[in-house]
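Next, two complexes with subunit A in common: one pairs it with subunit B, the other with subunit C.
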Partner chain A sequence: MRLLRFVARRLLQVVPVLLGVVVVTFVLVRVLPGDPIRTILGPNATDADAAAARARFGLDKPMWQQFLDYLKGLATGDFGTSIQSGTSVGSELALRVGPTLELVVLSVSLALLIAVVLGVWSARRADRFGDHSVRILALVGNSMPEFWLGLVLILVGYSALGWFPAPSGRVDPDTNLTPLTGADLLDAILTGNGPAFTSALSHLALPVATLAIVVVAPLLRSVRASALEVLRSEAYLAATTHGLRPRTLLRGYLLRPTLVRLPALAALVFGTAIGSTVLIEYVYSWQGFGQWALRGLLYRDYPVVQASVLLIALGYVIVFLIADVVHAVLDPRVRI
Partner chain B sequence: MTHLLSIEDLSVLIRRPGRDVAALSGVDLHVDAGEVVGLVGESGGGKSMVARAIVALLPGGARTRGAVRFEGADVLAMDEAALATHRGHGAALCFQNPRGALSPTRTVGRQLTDRLTTHQRMDKAAARETARQLFEAVGIRNPARRLDAYPHELSGGMAQRVMISLATGCAPGLLIADEPTTGLDVTLTREILRQFRHAADTDGRGVLLISHDLASIASVCDRVVVLYAGTVVESGPVAKVLREPAHPYTRALLASVPDVSGRPARAIGGAMPLLPSPPAACPFAPRCAHATERCTAQRPPLTGDGWAYACFHPQTGGGAAAPGAPPPPPRGGAGRGGVGGVGADALPRPGGAPACPPPPPGAAPAAPVTAPPPQRTAAGRVVMEIEDAHVVYGSRFGSGGHHALRGVSLEIRAGETVGVVGESGCGKSTLARLMLGLTAPSSGTVRLDGIDLHAQRGRKLRRLRTRARLVFQDPVGSLSPRRTVADAIGEPLRALGVPAAERAERVAQVLARMNLDPAMLRRHPHELSGGQAQRVGIARALVGDPDLIVFDEPTSALDVTVQAQILDVIAELAGDASRGSVFISHDLATVRGFCDRVVVLYLGRIVEQGPVEEVFGNPRHPYTRALLSSAPSLDGGYTGARVELAKDLEEADAATGCPLAARCPFATDECRAEPQHLTPYGAAEAACWRVPQIPALIREGAHTRA
Partner chain C sequence: MAEVRVEAGARSFSRVLILTGAAILVVVALAALAAPLLSSWGPEEIDANATLAGPGGAHLLGTDTNGMDVWSRLLYAARLDLGVAVSAVALAVVVGTALGLLAGYLGGWLDDVLMRIVDIFQAFPTFILALAVAALLGNGTVNLVITIAAVNAPAYARLVRAEVRSIRELPFVDASITSGASTVGVLWRHVLPNSLTPVRVIAPLNCGWAMLTLAGLSFLGLGVTVPGAEWGAMISLGSPDVVAGRWWTSVPPGLALLVCVLGFSLLGEGLQERADARRRS
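What follows is the complex of A and B.
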């Protein structure tokens, strides 16, 4: 019950945060140099053409009026019309968020799993050969730029070994996947489309691996450090001297106190992962959220920038909320 | 006959790069089933190393020689599988710091059932029921509910009980307790120690009780082994070792504990050495007043059967704690006699120094002979005045909260030392915070030097605060780890805006008064020993020449022998006529050492106050009697009629009536209904209307019990 109340309270706090984000993005994107109308019309357009285009997107109105219109649209779920493509931002968003979210969630989950298993394993063999190798491998993964790592994985996994499909698209069009959420793997599960599932999974494998390798190092180091701390704690020593079985020791006395500090870091890593998708989508020729947001920013496509920043902010708030709840569940000393 | 545990000529050498430490050198000891053996000595003496050797958990780089035989099998030679059974089921360890030794993210019930299912092969339901019974057996009330508590939700005493239940839940043959009562107050200490005696008597376990405090464990042990610098210096039955110790170190150790009967503590000079290799001579010789050339050339063997000691010059006669000694002479500040005891002449010579003929048996131990200090002028100016102060710590949300002080009035004059005693949770620390202006009273006033402390703001408040200083319980923890000793001591002067040159001068002065080497000024706290750090803490309190110094349990985190040294320093300071001192402690004996007046707190109220001799020699309130009764003592201690309180330690509903009524054996309906106020009885005041009847009631009780 206390947990539910905490979640409700935090969700209420989201409203002022998002409102602030809306205001700041709205003003900032207009203050920045660059004119979206000139960009789409090209060098040959006359002033009259520009004025007409401006009127069409409502950019000729005073700023406060534009802001009010924007707010009104937001209230009804309308994110406006993309200046660049002329289509509704909302529908474009719906198409692109799913795949990127799927990529990030899968990668971070995979990274967390690897980090916990290897981190604890590594801590139990502290300063031995296995421990050193794991830490060096994690460091190497962390220091490789994601675009380069992506290219290497394509070269190895597609060109040389041929185990994975070509880096174009997210699912084989022959599988006739009906899009529901935009996240192909999830759609394949929801529609029970076996061939589409296999195809989506093989397309996802390399990008997920790339992103996971890039973000796993900080998680692994953190897990290893806290596992070491637990292993050296008096509480663990007490459990050991009382002769508890290794399995009980691992599950009851090592794992949970080790994981206590992980959620906060995992939330931060999640944020980094969202940023990394821009390059990874580029390398694997995905039409994802990252690519879309980047292009919107380059062309000063006001509605696109506003919508993507708002969405990222919302994502951050929710991820941190989840992290806090998980932390509270793991650590009984945390009062929420 | 084989012993349950027998340690044979055990040596542990810890090899670290650049430095070897001979943690144990040829230790012999044994424990039988159903027996409680005490292992005593200062920290660094190797007590914990013995405990770790018994469960084969020695630190990295440790080399061992000799054997630790448990039921005949050598623990040090066991393989992993044998060790897994031996740990817990063979020997189970109770850790010193129960809060730290309980896993923070698992309920205590789960932690206990883990042990039960592992070692007693129970299924889950049976384990939970047994866990409940075990909790009940160690005196945890509401055991079924407590099973689901997490360690951070338990008080220190409760956590210690849980720790004991965890160790006994392994059904061990041998129970090892590492300083199980450190930091607990007297009534809890007694309760906890009783648990160990119980484990030996009813369950037939062997118990190894490790402690630095001889007095507290004396009552439950059958035999005692004294360790010094990794060697056994004396071992034997309690009656012998503690009553007529032969080894000078045992005598010194005993003498350094102040006693509730009024015998002051005497410090041993010097510190225990950390030996790089097993000693070739008597390790105690450098600190020993009886040492001869032979002691520094040869290591005395442990000789004797049953009662053995390793000394060429064994002492005879009653120790510091001679039984049957008449009560010490009326105290005219004899406690301050300890001052002369620092340095080379520090060794007590109970039973007579070699030069003097031994006193007749049963004679009073040599009380330090000092001229009584000049009679204190009772009319010193009032430095601290508390009037009907209440403190309520509100809970974080909504109503309720903890009523820490309920109407305390107190006056402290310059030149006076007031002791504040009571169990943990009685409001002692809140009173300290109140006097320093760290906590504001919910109602009532606190005046420092006649100025209302809590009506001041900003700069005025800061200046006023420098007039009252605190000496903390944790000496190292209360110093900033990144600042040098000079910075730490000079800090109050900086707050006052004293220029650097004068600051350095005053810091040097106060350092000299603390007998600290000026070279110490450039050190950092982690380079100091506990005793040195506490001296720095006292110097810091003293440097601004405050009107009031509050000592909040300044010695409870220190080794006994260091405690005695620090008590000497404090006793000397308390003699200054320009300043009032408050000494807060749950250890009655230290308070009796040098306080003029004593205040007994219970649940935020003063239940008795008066001159120290009056309150301790002739206690009136049932609570004071109970506190004195449970104080550990080797000298016979409190000689008055003993009073036992009911076990109930939960905060009673003290809204109406006497707060003690729920625990008091003499409580009547009137006690439960009527609040009690301090009423003068002789030189003291007590808040109990039945004071005149209590002696008769005690006699009756004794009759009915007999």
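What follows is the complex of A and C.
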């Protein structure tokens, strides 16, 4: 019950922030240079054509009127119509979010697992050879251009070895997968489509590996630092001097206090993952949210830019909220 | 006893990190300066008889789709990548520090307004923000420096502000105020030098990140565009070749980028480690 009240209160606090994001994006895309109408009409269009197109998208009205229309639409869940494609932004979004979410969630989960195992292992060997090697690896990961890593993995995994499919699409079209959520792996499970599942998995392998390697590096450093802090704390020293079994010591006294910090770290890494996804989707022709948002930005497609910025901000807020809830569940000292 | 050994190990490891990082950066900088001596082709010179020629022969690392020499472009690109990254971070440090200093020392409404603006900036993933700013400002080296600096400056403002707020409460600041020093004098002589400690550790790491951002923007066509020699743009041009197994157009520039960013990371990590060890002892 208290948890529900906490979540409700946090969501209410978020409303003004999101409203601020909506206003700022709305004004900025219109005030700053660039014209979405000119980009769809091409060089030969007359001024009359441009005016007609402007009227069709309601861009001839005063800005406050446009903003009120936009807000009215948002209240009913209508994100407007894309200027580039002429279809509803909401339905385009529904197609695009699933694939990206699948990529990000799988990669971040994989990265969390690797980071915890290696980070704790490394901290227990602080400043010995094993620790130094892990830290150098983390630094290399931190310095990795993700788009280049993607190309190298394609070069090795597809061109040289032929183990993975070509970087064009997310699932083999011959498997006749019925799209439900847009996340192909999930769709394959839900529809019980075995061949599609294998195909989706093999298409996912390289992009997930790319994103996981980029995300694991900062996580690994943080896990190592917090495990090290626990190991150097008086509480842990006291537990060691009591002569507890190594297993109890590791599970109860080292892992638990280290894991408590993990949700906040995972939330922070979410931002990095979203940024990298734009590049990684581009490399693997993933046709996800990142590519969609990038195209919207390049063509100044106002409704698309507005919707993607709002969605990223909303995603941030939700991820931090989940992190706080998980933290409260893991850490008995936190009262919410 | 064991604790002492660990501390000594940490200290020598941090020295290894700093020296390795610095050595890498010196080598890259020298290679960038000596580019005309190390290659016989110009960075934008086209060899029409050899498009997509493999490594070896007249072209050490082969040529790209335009028939430009990969090795010489690689060397000349170091100038642009290092130059843009370092000047963008320098600009971000100067602007961010100035804002953080004012906000932290003066407080009041100025502090509130500046920090709310910083909040808005930091509510978005930095690369997404860089994409948006770059798309709005357009191409050009100066615009790229401004873009990368604008995305980084808020973090410095927040960092310096926090330092300034704790330094402002220290007795020696009060002492110099009561002995009649002007506000500018106190800020410049006492507050600024002491608040830069964390900046010195973050800035090298940030240079590496700035380089990755520049290359990422160029890769998406929002930064330096071909024929300009920049590592991200070279990787972008070479990316279609990868499916056909032609590695030399995209792997070498990425490797150069990785090594150079790693140089900055090693330097930053070493400085961080040394600062931590000093704080603990």
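In this section, the second predicted complex is superposed on the first by the 336 of 336 C-alpha atoms of A that agree within 3 Å, B and C clash if a C-alpha of one lies under 4 Å from a C-alpha of the other, contacts with A are read in each partner's own complex, and residues count from 1 in each chain.
We adopt the following convention: contacts are C-beta pairs under 8 Å (C-beta built on N, C-alpha and C of every residue); 3 or more make two chains touch, one makes a residue touch a chain.
This is a predicted model, so every value here is computed, not measured.
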item	value
Subunit B versus subunit C as contact partner of A:E234, first or second or both or neither	first
Subunit B versus subunit C as contact partner of A:P145, first or second or both or neither	second
Winner by number of subunit A residues touched, once subunit B and subunit C are compared	C
Touching partner for A:P167 - first (subunit B), second (subunit C), both, neither	second
First (subunit B), second (subunit C), both or neither touched by A:L106	neither
Touching partner for A:A123 - first (subunit B), second (subunit C), both, neither	neither
Touching both subunit C and subunit B, counted on subunit A across the two superposed complexes	none
For the subunit C and subunit A complex, residues of the former touching the latter	6, 9-10, 13, 120, 123-128, 131-132, 135-136, 138, 208, 212, 215-216, 219-220, 222, 232, 235, 238-239, 242-245, 247, 250-251, 253-254, 257-258, 261-262, 264-266, 269
List of subunit B residues in touch with subunit A within their complex	55, 57, 83-89, 92-93, 95, 97, 100-107, 110-111, 114-115, 118-119, 150, 152, 163, 166-167, 170
For the subunit A and subunit B complex, residues of the former touching the latter	233-245, 248, 252-253, 256-257, 260, 330-333
Subunit A residues touching subunit C - in the complex, by the definition given at the top	17, 20-21, 24, 32-34, 126-128, 132, 135, 139-140, 142-149, 151-152, 154-155, 158-160, 166-167, 271-272, 274-276, 278-279, 282-283, 294, 297-298, 309, 312-313, 316
